[in-house]
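There are two complexes below, and they share subunit A, which is joined by subunit B in the first and by subunit C in the second.
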Partner chain A sequence: MAQPPPRHATVLSLSNSNSNSNLSNASTAIDRPHSSQTHMPTPSTSSTGLRVPSNRKTIYDRHLNRSRNAELSRASFAFLFAEMVTYAQRRVTGIQDLERRLNEQGYPLGLRLLDLLFYRTVSGSTSSSLSSSSSTSASPPNRPLRILPLLHLIHGPLWRLLFNRPADALEHSVSPETPNEYMITDNDPLVNTYISVPKEMSMLNCAAFVAGMIEGVCDGCGFEAKVTAHNQPTEMWPSRTIFLLRFGESVMEREKVLERAGVK
Partner chain B sequence: MSSTTKASRIGEELWKTRVDKVNAELVTLTYGTIVAQLCQDYDGNYPEVNKQLEKMGYNIGMRLIEDFLAKSNVGRCANFRETADMIAKVGFRIFLNIAPTVTNWTSDNNQFSLVFDENPLADFVELPDDGRAQDELWFSNILCGVLRGALEMVQMQVEAHFVSDVLRGDDTTEMRVSLIRYIEDEMPPEEE
Partner chain C sequence: MSYYFTILSPTDVPLFNIAFGTSKSGGDGIARFRFPDTAQYMNQFIIHSSLDIVEEAQWMNGNMYLKHIDTYPPASAYISAFLTPSGARFLLLHQPPQLPNTGSATGAGGGGGSSGSILGGSFSASALGSSRASASSIAANPTSPQTEEAVRQFMTEVYENYVKTVMSPFYRQGMEIRSAVFRSRVTAAGRKWL
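After this line comes the complex of A and B, so read on.
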């Protein structure tokens, strides 16, 4: 199996394809199937070699919020996700490898969901303040600069977008040795509802897919992080899952600088 | 009341009352990442990606039919025309909240087309601009497999393939479905 490109390369290639839609390197070929998820229509897109239907039924002609409140069958999701896991399982060497693969499949979704979230926050709640000339003070900064607002973004809006409810808990590591570790808890992850894990694989948590999305959101905001999903069952919540976020050193250093500068 | 109208009513009623829902974008994105992964694994060999998608769909269809029968509680269809309505107006409604149009029947009533006005799987999608994907990739090919798998479990061998897709620049998205044969009930082999 080909080694995946480093994460930052993926981010780069994405931002490239944002600014130059004629770009056609190998990585965009993988990204493109839904790269337009978050792209606003740009005039330059008409210069691509893609054919479009004459009735203009293209992504550029449909509103990004069209599917905002749309619903689909939970069974359909379960079938697709199960098939995705089964397919991945045939191509991996072990549990860790499988989780890595699921994580990688979630990662690009995180990047796109992030843009979608910001787009909707802006167009939804602050559109009025945008139209007025002085909107600097009223609306909160779009992208989180510090870790805590980022975590709240994941715990609240991201979870609500994906699962129609916020996550169940948000915690900071109590150990002085790991100040860079944060935990987001989901008592009953939707993605695991119809997954039954065989005994010999009891370590496996298929919510690694969601962990990948979180990682994509963090990276997309400029917070380098590793995110993993862990089983922490309780009597009441047998499929309780903890998403462990480990931020990189550069993030922690910047955090200190920003704190001194009084940035919230 | 025509069988189409009747099926539409059943489908809509079921969607409202019997179907657990999730956010549509989660499903759309998950399907997108599956196709993207296949394109990567098969190194842009789109015919192979089509084939894999069809296989995945077949696996899904074999299990999905049970969910369909349990939810819909419909009986056996009298003919293939009724089957087509049941697929388009009840099946697609339950699982994707759409109801493609059934059309273009052959005179022997063994072949029809499903024309999709909406396709949630392909929301937000643009195919890679590599000069090949628009000629070779059938993005929603998993649906062909779902039909084949599901119908096989109710004794119908069918073949399904897309003939056009708006993602390829066509004006419609159309799937062609052909009945090959009704599978006769076979007795399990006698134990020796």
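After this line comes the complex of A and C, so read on.
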């Protein structure tokens, strides 16, 4: 009974467990597969403490530029985004709460995109000029230090990364009381293309998700900001959306200091 | 040359750290700091004390690689910084090996110091001497352009792996990086460039 090798014992116990006639044999065999099963996978995993995919390729083995020019199906994105909105809509108290949740879903994405965006611009330029070190030191883009470069980064490269085109307008608040407010306009946001908002929720704009991304980008760069999405329909663009960026006090103070120091 | 590399989150939480030695010019890749093994916290202490300077330099210079930013002369520790756009800081402390017969700790500008690892080696002296001379610019002069360039390459490679970590949906900003693969990648980058 103790003699058969563990592999066979496992098979035996499975076939025997149905019949009650051989209980003692089954119970001893059940102990054995447990010990053998817990022991079997450890040699491969204990060295790294990590489950490696079957093709041995971890995320570190994949190139970040591989999906650079790959396009995502619009239908699957629309479906996924619809599910995200539905998910966010559970147990919310109102429209503001729903927008806050969408914003929170977008925020971590903004932080990630920021790193990815810089990585791609750096690696895209260095791959061609890796040999000469003098040109590479000049080519990496600068981190935005002032508000305007940050807004251009969002308006141009970030929008192109997300939607394949730049945003439609970039404006500064004209009111002297709110110099910390900036607006980025998108005439036809992709996220709202397949969403028709019910009448009783007419204030809702699901582009709050994109606003969250913008907020993540601003925060990541060290510009504390609150970003909200607002409907501003025109006759030509019924789903025109304005992203309102409100920078915090600390940012405005630093902006003044940097302006005096002559930092661009 | 001994190195201590650490990644700090934008809120100064340590996410990752590793100590390693040079692999160039016959180095064995093992860190030999000037502090006794019981005082390795000095590395962390020196690195974290340079954060004030990072935060000053951060708004004056828009590059991601801020170059050599701080020196701690008593231990002749040099600190280079790299800032990711999302605010994580990569800090590298490098310390040239202690010259066997110099008393002053700041006199590290001389030729490549011979580390203890070579003592028992049976290599020919001429081959060793030439290889050490070619790398002595990195080993002995932490502020030379060659060193800056090597550190920049190292930082860029770590940055690539950091972005890969960050892109994982299971990683949230400010989480410690525990991946063994990431660690081995950083070690490999250190072996390649430093």
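In this section, the second predicted complex is superposed on the first by the 198 of 264 C-alpha atoms of A that agree within 3 Å, B and C clash if a C-alpha of one lies under 4 Å from a C-alpha of the other, contacts with A are read in each partner's own complex, and residues count from 1 in each chain.
Note that a contact is a pair of C-beta atoms (placed from the backbone, for glycine too) under 8 Å apart; a residue touches a chain by one contact, two chains touch by 3 or more.
Owing to the predicted nature of the structure, the values given are computational and were not obtained by experimental measurement.
Enquirer: Looking at A:M201, would you say it contacts subunit B, subunit C, both, or neither? Reply first, second, both or neither.
Expert: It touches nothing on subunit B or subunit C.
Enquirer: Taking the superposition as given, does A:A169 touch the first partner, subunit B, the second, subunit C, both, or neither?
Expert: neither
Enquirer: One more residue to check, A:I59. First (subunit B), second (subunit C), both or neither?
Expert: both
Enquirer: Name the contact category of A:V263: first (subunit B only), second (subunit C only), both, or neither.
Expert: second
Enquirer: Who does A:M252 touch here: subunit B (first), subunit C (second), both, or neither?
Expert: neither
Enquirer: With both complexes overlaid on chain A, does A:F77 touch subunit B (first), subunit C (second), both or neither?
Expert: In the superposed model, A:F77 contacts subunit B only, not subunit C.
Enquirer: Check the residue A:G106 against both partner chains and state whether it touches subunit B (first), subunit C (second), both, or neither.
Expert: A:G106 contacts subunit B only, not subunit C.
Enquirer: Thinking of the overlay built on chain A, is A:R91 touched by subunit B (first), by subunit C (second), by both, or by neither?
Expert: first
Enquirer: Overlap the subunit B and subunit C contact sets on subunit A and report the shared residues.
Expert: 48-50, 58-59, 62, 108, 112, 116
Enquirer: Under the definition above, what is the set of subunit A residues touching subunit B in their complex?
Expert: Going through subunit A, the ones touching subunit B are 1-2, 21-22, 24, 28-37, 48-55, 57-59, 62, 66-68, 70-77, 79-81, 83-84, 86-88, 91, 105-106, 108-109, 112-113, 116, 161-164, 190.
Enquirer: Could you please specify the touching residues of subunit A with respect to subunit C in the complex?
Expert: 48-50, 58-60, 62, 64, 108, 111-112, 114-119, 122-123, 126, 133, 137, 140, 142-145, 220-222, 254, 258, 261, 263
Enquirer: Sort out for me which residues of subunit B touch subunit A in the complex.
Expert: 19-37, 39-41, 44, 52, 56, 59-60, 63-64, 67, 94-97, 120, 123-131, 133-134, 139, 166, 168-171
Enquirer: Where on subunit C does subunit A make contact in their complex?
Expert: So the residues of subunit C touching subunit A come out as 10, 58-60, 62-65, 83-87, 149, 152, 156, 159-168, 172-173, 179-182, 185.
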